[in-house]
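Next come two complexes built around chain A: one with chain B, the other with chain C.
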Partner chain A sequence: ATVYLPLKVLSPPVFSHLSIFLHMHILEDLNKQLFDNLVSFLRRSHSEFQEKTTEWTCRMKSKEIPTAALVLGVNVTDHDLTFRSLSEVLQNNITPYIAFLEAKDCPGVKKLMQKLMGQLMNCYVDVDSSEDEDYVQVSHNRIRCSMTSLINWYESVTKKTDSETPSKKRTSSSRHWQSPPVVVVFKDMESFSTKVLQDFIVISSQHIHELPLVLIFGIATSPMIIHSLLPHSVSSLLCIELFQSLSCKDHLSTIIDKLLLRASFPFKLGEKVLQVLINIFLYHDFSVQNFVKGFQLCIVEHFCSQPVSVLCCQLVDAKKRADSLSHDQCENIRKLPSFRRYVESQVSEKQIALLTEDTYLKETTQKLLEDLHVYHENYLSVLRCLHVFTSFLPKYPLGKQIRELHCACLENQVWETEEYESSLQLARMLNKSDLVTMLQQCVEIFVSSSGKEFDNTVEKLKEFLTQFQKLEEAFQEQDVSVSSQKELQKKTDLYHLQKTLLELKESRRYKKLTKFEMLRFDVVDYIDSLVRNYLVPANHKTLHEIAYFNTASVLREHLNAAPRIALHTALNNPYRYLKNQELKSDEGSISNKAPDICIVYKLHLECGRLINLVDWLEAFSTVVMAAEGPNADAASSDQVDDIIHARFIRAVSELELLGFIKPSKQKTDHVARLTWGGC
Partner chain B sequence: MPNLEHPAYPAATLLHLESLVPCRESQVSMLLSIFGERQQFSFPSIFIYGHTSSGKTYVMQTLLNTLQLPHVFVNCVEYFTSRLLLEEILMQLQSCCSETEQTSHVHCDTFNDFVRLFKQAVVSEELEDQTLYIVLDRAEQLREMEANILPAFLRLQELTDRNVTVVLLSEIVWELFRPNTGCFEPFTLYFPDYSIGHLQKILSQNHPPEYSVDFYAAYINILLGVFYMVCRDLKELQHLAALNFSKYCEPVVRGEANERDTRKLWKNIEPHLKKAMHTVYLREISSLWMFRVGFGLSAHTHVELPYYSKFLLIAAYLASYNPVRTDKRFFLKHHGKIRKTNFMKKHEKTSNHLLGPKPFPLDRLLAILYSIVDNRVAPTANIFSQITSLVTLQLLSMVGHNDQLDGPRYKCTVSLDFIRAVAR
Partner chain C sequence: MFLLLMHVFSLLLQNKKKEFVSTTPYRLRKRLTAPDPYLESESEYSASCSEEDEEDQKEVSTVLSGQKTPAKTKAASTPPPRNTLAKKNKNKMANLVEEYFEAHSSSKVLTSDRTLQKLQKRRLNQQTLHDLLKKAPLAYAAEIKELNQQHERLFSKWMLQLHLGFNIVLYGLGSKRDLLEKFRISALQESVHLVVNGYFPSITLRSILNSITEDVLNHIGTFRSPPDQLEFIIKRFKEDSSLELYVLIHNLDSQMLRGERSQQILAQLSSVPSIYLIASIDHINAPLLWDQAKLSLYNWLWYETTTFSPYVEETSYENSLLVQQSGSLALSSLTHVLRSLTLNARGIFRLLAQYQLENKDNPSYPGLSFQDFYQQCREAFLVNSDLTLRAQLTEFRDHKLIRTKRGADGVEYLLIPVDDSTLADFLEKEDEDL
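Presenting the complex of A and B:
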């Protein structure tokens, strides 16, 4: 594939957005709350160590290790990123002494201690690498992997910072305390063996006074795992505080909000593509990182496969670039389906001009690009506004999340769907306070939006609000007048009073409700008109191919790997991959031109759970010999050729290697079949 | 209770020692009589056992420290290999009596080296005229080490020909230690559990300075009345005492009751303690922040899983707890008639939930998955990787570690409640 953009064009607007903006800011912002809590927890735990209070309550829990249970959710693939930024935060705020332990590195306490000491002592070297040659040498020697040597190391390190020159001391103590805690992070708590954890906790609790240790447990499932891993005698040595990270669904919403629902970001995802990405997220892995990677793949794919993606950049640049398009590029634009539709809708002279004159085409393209840009800005504001409404409705006919609404709007004209109809129905039944808050939110959205066309809209919405206000005042006034009326009529007889009151009540209810109802209808109709105006699906727009990536099939092919199906196709239909004309055969029959393994595979598909090797060989030789004609058939009817026998054995062992069959002990000369249909 | 008496030590020290080890006087006096005077040879090895928190470690430590007997104290969990253990003993020995801080690192790989180095160390530290005590805490760990370590420690006196006594502390009985090949039998001493009276005495001793002894003793009395039935662990009781004491004091602090108003105080603390009963041993609330954070760990049992992971887990649960022969009945649309046979009844009597999960092959899991999911599921790599991630999350476990290609078998390790929550 050819990249249709020069690299210098690719780099600043698009990729900087992605790699830096995405990875750094969003993820850190999301975890900021969590990290802040953790940091303050570490500060507190540390202060208890420092003061060495002899207070009564403190003496009672002298051997408890402060522990943070960090519940991170089941999306294990994202954890690395979280831990990386966590380590950064801790290094900057709390302590340089952090060790990350993984279960696969720690089969025993010894290995765990080795790993721990290795990381801690290296990190010491990293912190100030200038004057520690002697220490590096020590760490090259065989260190005794025991807590005592760790304590000695800690003492020497903290003492060193004490006795350092004032200038040095200032730099180090500005960030950390005199004796910073040692943080040990267990990345995957679930996978650690109980023995290792127990022993480590028992050992470190013995030395908690000499070594201010803090443990962080990275938990993917639920905090109850601590109780199932550790017996009471061990868990009583811990002083656990729970921290919960943001749920991955919220995480996704934020990313979609910051990335897809921004007009400033030129690249857009089409409905199908977005659906594929969201489905993978919700159905399979909950991994935000994979979502981002899928998104990056879309970008690369878009710029590699779509010639007109040249124009996918900020509006100013796009206009400039449109001006300097080559003839070929102009032809590419002319080929776009949406552009053709546009041409057909024009008068004939213009059609000719568009199709023949490059300069005219460029002018039109600039205009259309601007239109597209304006469309995006308006679209997003109105989408958010509609979301305000739909998120208030019971049962959420159009979805609770804005991403669902976005997908619905991208897919087709949303106002023609049943869900939209039912949500309008529901919206017509909203109560006043809800309606007013919604309108206020919409006003805020429109005021803060960058679109220029919304002045009138804001006016109109504000007008609605004042009308509601008036309605309320009128209501109260009427209330007062009614009560005065009541006072007057108190003197008449009971029957009349009752009658008049009933009439009054009825008329009042009827009249007022209609007034409010009318207003409510007006509001809903107005929102409806906004939707019809601005939420036109993107693929109805001319030149939408420039910004939207729509080939979901490519994405699906890349992200939904199906090894079983691929293997099956390769063996069942070798032509698919080998492209050898001889192999092109109709389904069902077994060609003897196919590779041996394919023949063997096809034959084995017809068998049951146990396959008789002799029968199989028989069938194989029949297929192979089929082409050799009747005379060869006669020669080998009773005995199988050695070469064919060898070929068969090789093919069968290849199948075994691929995991389709395995030798069986149940019957001699039989193999067991391992795969059935989809499993 | 007899007062401690021993001709070798001054009476004042003994009196002090007695105040430090409440309710363990008889054991201490027994130990003292075994130890004899400083220069006298003692029994070569002593084995002390007793239940969790019956004061073994504490009594040994206080005894040796108050009487200033030369000793080495090591925890066998901490020094998990024999090399580390032996080296640690030698290191402590070096710094035991000598004033010089400098302790050079010693290399000691075998017990033979240890005996040699030990002899040297004892001579150089001038400890010949006193009995040296080596205390090995959590001695059950010794069984995990090389076979010669435990028997050699038991007869260290004989091997080194020095005045040394090895004390082993453990929670399990000596019979479980005895090696097949036989060994020197140590003198065994049992530390019985504390009775309720003992617990009362010990807990009351540790009263906070700002309140009177009687007030705190009354509190402990109430506490034991509630918790003694479910928990006799001194440590846990201490934890509970510290945890709930501030609540108990509240009326006094507010001035609503005085310290003698036990009835009022009891009324105040009773519901609180009842609530705490449910979480004994769980340490749901860490002691440091118990009054700041309102929730415990068990409140967060819900696990959010991706759509197909949920179905995979449910399928795994079904495969683990349903017998294979019912699969056809449950998961096939056109199953045959349900035959009522005797052998079925016999099995149905014992609940499968009591028997625990059974292993199942991968293809059975997938077959059940396909039948319980409404729409078609493509067997993509994503599905397979979800199975693996469920294994890493310990929701499934792999049975047997043979080759992956050979049809891996799994077990579902989650409970019915968990599955109910997932299926909702």
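Presenting the complex of A and C:
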């Protein structure tokens, strides 16, 4: 009973990592650019109001409300996160007065105003202090929600900050201006009713000179929606600027880059698992949040189900832990398939030592852990390097994104695949300038990588680069010689011309490779050798089970469940769940030994749209009686009948609960069937 | 003319009947793996029985034809297009879609016209049903137990995952009530938890929220709307990080909690970090309740927990066709309405009820005629004119406590449309109160 909170099961360093990602700080940096733009827009938008420039310009412009159209993409579930960080950013930089409106709370303008004022007045309390809470309570209930009262409120608030104690004023003015704008965010602009939006915009445009209002529209589809929702007369009251947030695919790429393609993060995803997560993302929801959720589930599952996961942490800690492993834990390591393979490859004395001596095992484990770590560092650098090449190739035989390449490399030895072969073919046809830029990128990757083995590689790549440089110089000389040759040809007669042409043709067939081509071959071969050396799939590595989570079925079961299929299987083939030999039967027939609900279900499958209860009951009792055998004596038969009747009633009402049938009034004592086919 | 029509009609019926009789037992016979003599006699019995039934059948269907719309009667009497059934057994999965449209292509429905009434079997009420089922042993108890034990091993994992911010939803055939109850007993004894019986017919969102605000947060006061209440709850849980609440919902997909608004609010509730939700669903279409936004609020982890346990509690409130209305609900509504009436009005109703009970053995009891009733009421000093009685009756009728029927002689008859046992219970209760 004490194990109910096994948080301690998770090794602390990893768990701290986990909690970092739980809060998803990554996502905030992602939108940094967007937020910076928005902040500068907001600063600009009401500078006139701020500076109180000539009355006239103010009035001229004042009918237009500055509006930011924020295109957020279809992944609606991630929007909340973006808005949350947006509100933080705005509160820190621009204004305390922010209101978030959702379509479902605003069926009419009145409700919208209520919601708006409620939120604004609450921020007022937060900014000020909680001492006059009752004042807010009163205002909340009594104040008529109109634009005038909003303006009065705004004036009183801004005046109050003016007359505050100097110290307080300084703190507030450092963050906000004297009269900060009021930002109203429409979270899901598309779902608002047009009338509400129009009315609100028209009303507030009348008061824009008194209230520095800024609107932000959250848009999931395309900015065109503004014009289809609002007629020209209304949209002309808005001064719209467009902001584009990062697309969800870029989000995903960044997350994969930050979570999975880092050697410093000890936990890794296996190929199948990653594929499942990516598939859910691409084919179900485009939701980054869900992807992160799946990733979290993987972490939890890994640490709960894999006993050797205690060693899944930073290398230094892992070595320490390996040193203090208990005997049972050592046994767990010995059970790992990858470790067994390793043992088998050793000489016999070592085999015995590994299998019997715990201390020797611990030493070996430490060494292997280090190997694994080095492997990761090298793997990632070479992967990025290979990605530089493959992302340039036409038609992307190995995929455009690095995640696709990563999956391919995890799955099996990538150099044995056809796609790899064809990408090498294509790489051998690259032109020089592309090749040079790629090589330069690769050099950068290797230089910045943490792996220690790449000094030679960098040397080699630089050597290639200088050779290309030299080639360029040589090429210019060659150019001259070719033109002289052409001049020579002109002077020959027809016979000689024919001859030379034939010779040329011959020579082209057995043409010796030019120097550039030779060099290009060398480069591609060298990259190939790197790939073969370093991009070995992880599951070929000893002790990979420590870091890699591979049970994709768990993920599919818990994230992408199929309740209908489960129900159908249980009803059709109860043997799957109840391991009793009597239940074993072939698909089509109805076993009379099956649980009542299964029999009733199968009988109902044979009926049409309506089912007569009497017939159904009769069929049921026939099936059940056959199970009980004809020897039930006549005296108790009435009794038995009653019980069967009762069992039938129970099964039918269970089917009704499950949604297979419903009572029908079309005919007396009939029920309607609600499902069709498989389930 | 009428006779002729009747004849034709009965002929048609006969056809249909024979058709039916020839199909059902045949299908059954084919289905059963080993044909046995008992079964043979069974099917023969049903065939002969249907011949005898002919007379009754006619009677029933004439009544039907009188009540139903002409189109329906036609539909029932047209000869059946024999199809689907034979095909289905062969390639089950092949043309599901086509089968669906085939079955829905015409408004005609082909089923037999037999009714439960003729089955010579009384309708069971909830209690007798329960007793009968107790007698029937649960099949495969050992295997079911084994299955449940497998699920019980997941309890500690559930706790961990709940604490990490996931919510858990259980699906699969069989009642998950006992499983959740075991989970509650073994893991949640020392923590604050709320159990919601979603299958209960009068559960409301408001009652769930109320029990959170009143019992968990000890807040006295009312709220204007559920969203306000929700806002309050979220605020309180945010302010006080020591607050934790486990919410167990049996049948999150039940009739009462199915609505879009309730689901939205429950989803928002479940997204509060210190509220842990574990729920079960049973309906096959339950996953359709949630769109992307709600799913992300719920943050579900799905667990298949097929238990094969009977849905005893869950179905006990269902208004099944086969189960006699238990009457307990009707009884309570009856008493509630009458409580709000004057003493005289209650007396009037008692008179009618008593009279009806006295005549309960008379199958052709038409009801109490208005004149007689007025007489009785006058004698008991309950009314002084027939106008007051009529006013009173109108009130009863508005509350659906009585029904009036005009007899063949044009006299008005009054009836209480409640079954006798309920009525007897009611009178008993009234006597206690007085």
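Here is the rule we go by: the second predicted complex is superposed on the first by the 501 of 679 C-alpha atoms of A that agree within 3 Å, B and C clash if a C-alpha of one lies under 4 Å from a C-alpha of the other, contacts with A are read in each partner's own complex, and residues count from 1 in each chain.
Criterion: a residue touches a chain if its C-beta (ideal position, glycine included) is under 8 Å from a C-beta of that chain, and two chains touch if they have at least 3 such contacts.
It should be emphasised that the depicted structure is a prediction, and the values quoted were computed from it without experimental measurement.
In the superposition on chain A, A:Trp676 contacts both chain B and chain C.
Look at A:Val109: by the touch rule set out above, it reaches chain B but stays clear of chain C. When the two complexes are overlaid on their common chain A, residue A:Pro563 makes contact with chain B and with chain C alike. In the overlay built on the shared chain, the residue A:Pro397 is in contact with neither chain B nor chain C. Legend: residue contacts after superposition of the two complexes on their common chain; A:Asp285 is shown touching both chain B and chain C.
Within the superposed three-chain arrangement, the count of touched residues of chain A is higher for C, of the candidates chain B and chain C.
In the superposed pair of complexes, A:Val76 makes contact with chain B and with chain C alike. Legend: residue contacts after superposition of the two complexes on their common chain; A:Pro537 is shown touching neither chain B nor chain C.
Residue contacts after overlaying the shared chain place A:Gly659 against chain B and chain C alike. Common to the chain B-facing and chain C-facing surfaces of chain A are residues 76, 285, 561, 563-564, 657, 659, 675-676, 678-679. Put simply, chain C touches chain A in their complex at residues 20, 24-25, 27-28, 31-34, 36-39, 42, 46, 72, 76, 84-85, 88-89, 92-93, 96-97, 99-100, 103-104, 109-119, 121, 124, 129, 132-133, 135-136, 139-140, 143-144, 146-147, 155-157, 159-161, 163-166, 171-174, 186-187, 199, 227, 264, 281-287, 292-293, 295-296, 299, 301-304, 306, 308, 310-311, 314-315, 318-323.
Those residues of chain B whose C-beta lies close enough to touch chain A in the complex are 52, 75, 77-81, 84, 87-88, 91, 105, 206, 208-209, 235-236, 238-239, 241-242, 245-246, 281-283, 286-289, 293, 295, 297-298, 300-309, 362-363, 365-367, 370, 377-383, 385-386, 389, 392-395, 405-407. Across the complex, chain A meets chain B through its residues 44-45, 48, 56-57, 60-61, 64, 66-67, 69, 71, 73-74, 76, 109-110, 144-148, 188, 190-191, 199, 202-203, 206, 220-227, 232-233, 235-236, 238-242, 244, 247-249, 280-286, 560-565, 657, 659, 662, 674-676, 678-679.
Of all the residues in chain A, the ones that touch chain C in their complex are 1, 3-7, 9, 22, 76-77, 104-105, 285, 287, 289-290, 293, 296-297, 300, 304, 557-559, 561, 563-564, 566-567, 570-571, 574, 577-580, 583, 587-592, 595-597, 605-615, 617-619, 622-623, 625-626, 629-630, 641-643, 645-650, 652-654, 656-660, 663, 666-671, 675-679.
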